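By letter and in written order, the chains are A, B, C, D, E and F; residue numbering begins at 1 in each of them.
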Amino acid sequence: MFFHKQELQFKSTPDQPDAVYARKLQEVLGGQYGEITVALQYEFQAWNTHIPGKYRDLLFGIGAEEMGHVEMLAVMIAQLLEKAPLGITEDAVQNDPTVAAVVGGMDVQHAIVAGAGARPVDSNGNPWQGSYITASGNLLADFTANANAEMQGRLAVARLYHMTDDHGVRDLLSFLLARDTMHQNQWTTAALELQASGMEQLPVPSNFPLKKEHREVSYQYLNFSDGKAASEGSWASGPTPDGHGEFTYHDGPTTTAPMPPPTRVDARYYGTTDLPNIVEKTAGAVQDKLNKE
Amino acid sequence: MFFHKQELQFKSTPDQPDAVYARKLQEVLGGQYGEITVALQYEFQAWNTHIPGKYRDLLFGIGAEEMGHVEMLAVMIAQLLEKAPLGITEDAVQNDPTVAAVVGGMDVQHAIVAGAGARPVDSNGNPWQGSYITASGNLLADFTANANAEMQGRLAVARLYHMTDDHGVRDLLSFLLARDTMHQNQWTTAALELQASGMEQLPVPSNFPLKKEHREVSYQYLNFSDGKAASEGSWASGPTPDGHGEFTYHDGPTTTAPMPPPTRVDARYYGTTDLPNIVEKTAGAVQDKLNKE
Amino acid sequence: MFFHKQELQFKSTPDQPDAVYARKLQEVLGGQYGEITVALQYEFQAWNTHIPGKYRDLLFGIGAEEMGHVEMLAVMIAQLLEKAPLGITEDAVQNDPTVAAVVGGMDVQHAIVAGAGARPVDSNGNPWQGSYITASGNLLADFTANANAEMQGRLAVARLYHMTDDHGVRDLLSFLLARDTMHQNQWTTAALELQASGMEQLPVPSNFPLKKEHREVSYQYLNFSDGKAASEGSWASGPTPDGHGEFTYHDGPTTTAPMPPPTRVDARYYGTTDLPNIVEKTAGAVQDKLNKE
Amino acid sequence: MFFHKQELQFKSTPDQPDAVYARKLQEVLGGQYGEITVALQYEFQAWNTHIPGKYRDLLFGIGAEEMGHVEMLAVMIAQLLEKAPLGITEDAVQNDPTVAAVVGGMDVQHAIVAGAGARPVDSNGNPWQGSYITASGNLLADFTANANAEMQGRLAVARLYHMTDDHGVRDLLSFLLARDTMHQNQWTTAALELQASGMEQLPVPSNFPLKKEHREVSYQYLNFSDGKAASEGSWASGPTPDGHGEFTYHDGPTTTAPMPPPTRVDARYYGTTDLPNIVEKTAGAVQDKLNKE
Amino acid sequence: MFFHKQELQFKSTPDQPDAVYARKLQEVLGGQYGEITVALQYEFQAWNTHIPGKYRDLLFGIGAEEMGHVEMLAVMIAQLLEKAPLGITEDAVQNDPTVAAVVGGMDVQHAIVAGAGARPVDSNGNPWQGSYITASGNLLADFTANANAEMQGRLAVARLYHMTDDHGVRDLLSFLLARDTMHQNQWTTAALELQASGMEQLPVPSNFPLKKEHREVSYQYLNFSDGKAASEGSWASGPTPDGHGEFTYHDGPTTTAPMPPPTRVDARYYGTTDLPNIVEKTAGAVQDKLNKE
Amino acid sequence: MFFHKQELQFKSTPDQPDAVYARKLQEVLGGQYGEITVALQYEFQAWNTHIPGKYRDLLFGIGAEEMGHVEMLAVMIAQLLEKAPLGITEDAVQNDPTVAAVVGGMDVQHAIVAGAGARPVDSNGNPWQGSYITASGNLLADFTANANAEMQGRLAVARLYHMTDDHGVRDLLSFLLARDTMHQNQWTTAALELQASGMEQLPVPSNFPLKKEHREVSYQYLNFSDGKAASEGSWASGPTPDGHGEFTYHDGPTTTAPMPPPTRVDARYYGTTDLPNIVEKTAGAVQDKLNKE
């Protein structure tokens, strides 16, 4: 159950309007690694978890916090648009190059569709979508997904920080950067704690019987490019982090199989084929069969 | 530049047709964490990298290997469909419950669109899409994304392993499981090596000036749910993995700001408002202005 | 700001597993008019509103309630999947017709991707998307959108009610049906109250100067089909609900304009044209120009 | 059956080229509430209707009219692009700020893909999609959807009206605004007539047996936010528009249920769990079982 | 301008209900090469054409015919669903294997969302989308696209023909197959006529100055796979169909260039780099600059 | 199996940065007819083919070449972005009109998401998607799709050629134009060779028994628009290219059928109906039944 409080976790007020920047901010609201993604991702992981207690609590709580981040960004975007020239002809001469540049750089749906409001889209206007979410039921995999989401998210916020001089905006981003720092540390820690508990380890899923995989290629670096430098990495020799093997390095595959012949399917799929009997059939048996059907 | 060789890295031949399983296999070909995703993700990361040498070689090479995995799965799927009853009426009585179940469980586009062939979609028939890919230019973030992709991918393959008894299919999955083991170990190792080199560390991006973030909330666990168990985790006290702080635990936010008032925008966006002057304007000044325009 | 409480607004426990029904329930979780849509739609409307007080409070509050409905459905779906045969070979013989029918009718990503968990998708596995949301800043338009969403939503729930005999599921649906009844009544009331206040009326937007539209066709029924029965409706004669006109009925358009000639564009778009000079130019002037460039 | 006439319902000729505006106009051609949406929505409703006569005729006819609106907009867009500088280097110096602003603000696919032509997309270039359409078979729900579509559509047209000074464009928009006025009035009237006929009423669907819903919450305003102003609305007390109840107001839920425990699923989904027996099994029985399989 | 007539071009009445087949038919209504695609594609080509007369008339007319095909299929689908068991519990015992198979194989949104009606989606439930459409302004390219669309479309109809024994359905398909035969012949003829007129030829666009392309590779077969059989094709030697060259055959590329070094970008994108000065800067100059900002 | 070589088929180095052009180039990398489409389309056709030898080799080889074209474009895009002002505030004063125009015209995700790198999207930022691909198993249909793809692709490249003066970019485009010339000629030749072999002919699929289609409309031009010029085309009289008939011309349909009455469905779909017995049932029998359920 969710409750809403008409406060923000941090103040979210820009110094001045900036429609172009409002569009850019949409990335961290509704983009692949924006706040809608993490809010819903953590909740879905909580709903799909198979383990009570601290991990589930963690997912429920951080998901709710992120939902509040969606709100802070939406409020900020609405304010950045509030007084901005969005292409309305009178108050801003349309062919003034400055206004033209604003219109060129803004999300025009901010004006036409939302009436100077925020939208559930990324910085290119692509609608947010459920396929951004990861929730597998395996917590080591999912915590790694979460760590990645917080890294990609903090990267976008850091880049956005340098794209404005507005103190109000930067102040909000400074807050979000700090929370992303926390959440990166937190998911990394949760992944370590999970491994330490023995509940899950590398390789994920760790309780799939290893002997059922083709162990001869489980630790081989197989090089399918012509660069040789990859052989210098610690992934090409030495012990593997899962503790079960030693890396080796090979150029190209160590196993191969002939390409199977093309499939031959029922004539009624009307695929192209050169089988003499099929060609004959076209004028003969199959055609008769088709005709009779 | 890419070259193709008409061989497979591993044999890919099923014992018998199985259209329902062919549909399921599409998940690891064209799903969010399927082989198309990792193949193109690693190549885009290589093209966007800002660092020559071993990491770029690694990305080029593994991406090319994964492209071959797309091929093995496509070939396998075509073979699983080759002799399967796909709803054609004559050779398989349509209202035979067994055939009906096959048709119910298969991807009908396998028959109608591809003529008994593989498709660039997931197991629900959703087309693969570019938004599955992550390539940020920051290698620690991207290697974490890659480790996650290999974990989610291996999880799907492991589940698929238990959904068939076909020895040919299982043998191919055993091979893919082994390569996923390798690639999980490899990206984990690459991330560690990158951190050891000092080129990138937690929190990503590590060279954003920490003092510019709101450090007072950088290591606080802020609880927005009513469960208390999350306080027991090592993310609620003790040192942080980035080496810069100590975790603390708080219930709810430690900072708040009042919700800003609603924005008031140009009347020509026709938003609803209760400002007396706006209501007046509707019958008066603004309306005049609108009328005059 | 959002807070989460580890309770549900209503009990959500099925009598028994049912993977096929779990898939169907996804429609009201992640479909066009599912709970994710209304939860986020009401919040975006609140964030984009231009009017403080009761309407904004209403949007904030109901949005938060709907977020809890997402949770109840996700929890229910996970439970319906908990013990269901999802295609794993051993505990459920794959070619048992009953199991085959389950696998045929279920969302296979429930098993392969979510490990027997809920997903942010509709009943056909299409990911939820931001383009389902409407938030225009005009409250009469948006309350009408909301009334529609609750109608379409209640319709889906009512249909789903008849697709199961499970008492636990039906009990939850009975609860949701009641809340949809409330929300239909509520948005209808809010739309009426808004109109009574004079802040917004038909036609939306009501303060666009009517004299600027082509009033001669503002109340004409123009018939573009050959059925005559539409002339019997109260939309074909009598006063209009906006209070500004009288409906009239006409067959076909009352105004027409000749189709403009095709556009003739710069030769460097390489469109096909039959202009003699263009054809000449291909071998002559334009070609020279192209060649010189 | 559809017939095409090479005339337009209204003249559609701009005074001068304007590529930036052409992009904006795409919203009402191919956006969520653009003309493709209403044209196809009304036809699908006609095809799915379960009632002959005036309502079906209405749907067939208005759908065909809207298809003609798609055409007027497409023709207008092509003309706005006809002579506009679309980034071709010679006739318009690329680094001229004016041209740069045009290119910045235009839909570049207008030039690269359509060769100065219209596209089936919205103003951000998102392709039109079938999920914009609503056609449920329940006419009160669908007429409400239609009224909303005409409101959102007229809102966008009104905003677009203020974004240009071109008389030709404004004249077309004046025509479309008038038709939207008609269609809003018409769907509102149709919804009223349907209710008056007793065929459908609030709450939709009105013949679902009310006693089967949890009537104790059918008319309760349940407040999940901390604003109190919503209690002042006529949705918080007084009779409900469906004529069956009285609104009441409550803070928070009036019913609650404990959050169910996490689901425990088959070990072969490889979800993370802390059940001792599962952990044991990992090293023991289940692992054996997995190994044996 | 479009007009609708309440007749069909061909009778569209099934012998009996068949929900599973209704789902399959959606492919040719709302799939990539379904009737919505060709209807809108031909109209968009007409709107974007740069040439008056017969080609534009052809596009307008055939587009309108195809819109009527959408209608025939929608009507047929609604009828196939009319009496079919769609999962409602009472009239069809849910766990009857036959009913279960129907539900497994049907599009569940037919029941839940459309109330036993047609939908704007393909046979896997993917919504139709504007990106299926091709309309470039170049008629030779577009007529080739149209010929392809009619080929892929007829292929799907032919496959669907064999998936039912229903005489009413087969009769409709026989009609559609005939029209597809006509339309394949027609677009092929139109493409030939266009080439004969000299207005457009191979390679498209034919008036791009050939000397501006790298002519040394304009007719070379470059083999990037290890099969040799492709050298036997008439694309590997002999005159080219554009009349300007001779095919030649080569193994691999005939030109190559070194891979450029990785790009080095502004430090504020926080990409990973190994430049010593960048690493230094992190602790030094750049960091100072970042700190100062 | 695919191998990667760290060379390019052609040099890909721009003279100078140009972020706006980088965005435009995305069209031919990740658009509907971009290089990702053709690369994967040809491979899927190879995997789905039912015929060994030269055609399959051709598909494998050209697909691999196109994958290298994706790479050349990605590398070029990264270089165009390398030194471009992407909205970072310090090195490029944000409100400088030139910089503003760049930001307005660029793909902002190039900066925010990819850190000055290429993305798997088109020039409007729409992610590439699997539904761009055609692979039907019928080679005449698919070779026609391929010819179309190369035509649409070369058209986009030719337009892009005129949108830049950069010699490095133009040189790369000159190379791609030449390869598109080759590939158009090649697929056209392959289609001709296939027809000459008798394996496939017009109409596709050519071995569907012609007598099973409604031959009376197989060669009729049926005019559904009011233009008469289409009757002048060679598609309105004379022999058909499939060699089986003669074109004829008719105004409007030559066959019609009455529109079937609306469907009447189970009351539990809650569709709107005016059947007296249904209306009665609402207050009577059906309602009782619903109540009892």
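What we mean here is this: contacts are C-beta pairs under 8 Å (C-beta built on N, C-alpha and C of every residue); 3 or more make two chains touch, one makes a residue touch a chain.
Since the structure is predicted, the reported quantities are computational estimates derived from the model, not experimental observations.
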{"item": "Partner chains that chain B and chain E have in common", "value": "A, C, D, F"}
{"item": "Chain hops separating chain F from chain B, counting only touching neighbours", "value": "1"}
{"item": "Centre-of-Cα separation between chain C and chain A, whole angstrom", "value": "24"}
{"item": "Where chain E touches two or more other chains, by residue", "value": "1-9, 32, 48, 53, 55-57, 60-61, 64-65, 68, 75, 78, 88, 90, 97, 101, 103-105, 111, 113, 115-117, 121, 124-127, 129, 131, 136-138, 140, 155, 158-159, 162, 204-205, 208, 212, 224-225, 227, 253, 256, 263-265, 268-271, 293"}
{"item": "Contact footprint of chain E on chain C as seen in their complex", "value": "20, 23-24, 27, 31-32, 97-98, 101-105, 122-126, 155-156, 159-160, 162-165, 224-227, 252-253, 256, 261-265, 267, 269-274, 279, 282, 286-287, 290-291, 293"}
{"item": "Residues on chain C engaged by chain F in the complex (per definition of touch)", "value": "155, 158-159, 162, 268-270, 293"}
{"item": "Contact set on chain A toward chain B in their complex", "value": "6-13, 32, 53-58, 60-62, 64-65, 68, 75, 78-79, 81-83, 86, 88, 90-91, 111, 115-117, 126, 129, 131-132, 134, 136, 138, 140-141, 144-145, 147-148, 151-152, 154-155, 158, 161, 174-175, 177-182, 184-186, 188-190, 192-193, 202-205, 208, 210, 212-225, 227-235, 240-242, 245, 247, 253, 255-260, 263-266, 268-271, 293"}
{"item": "In the complex with chain A, residue positions of chain F that touch it", "value": "1-6, 48-53, 55-56, 87-90, 94-95, 97, 100-101, 103-105, 107-109, 111-113, 115, 121, 124-127, 136-140, 194, 197-200, 204-209, 211-212"}
{"item": "Residues of chain D that touch chain E when the two form their complex", "value": "1-9, 30, 36, 40, 43-44, 47-48, 57, 60-61, 63-65, 67-68, 70-71, 74-75, 78, 113-121, 127-131, 133, 135-138"}
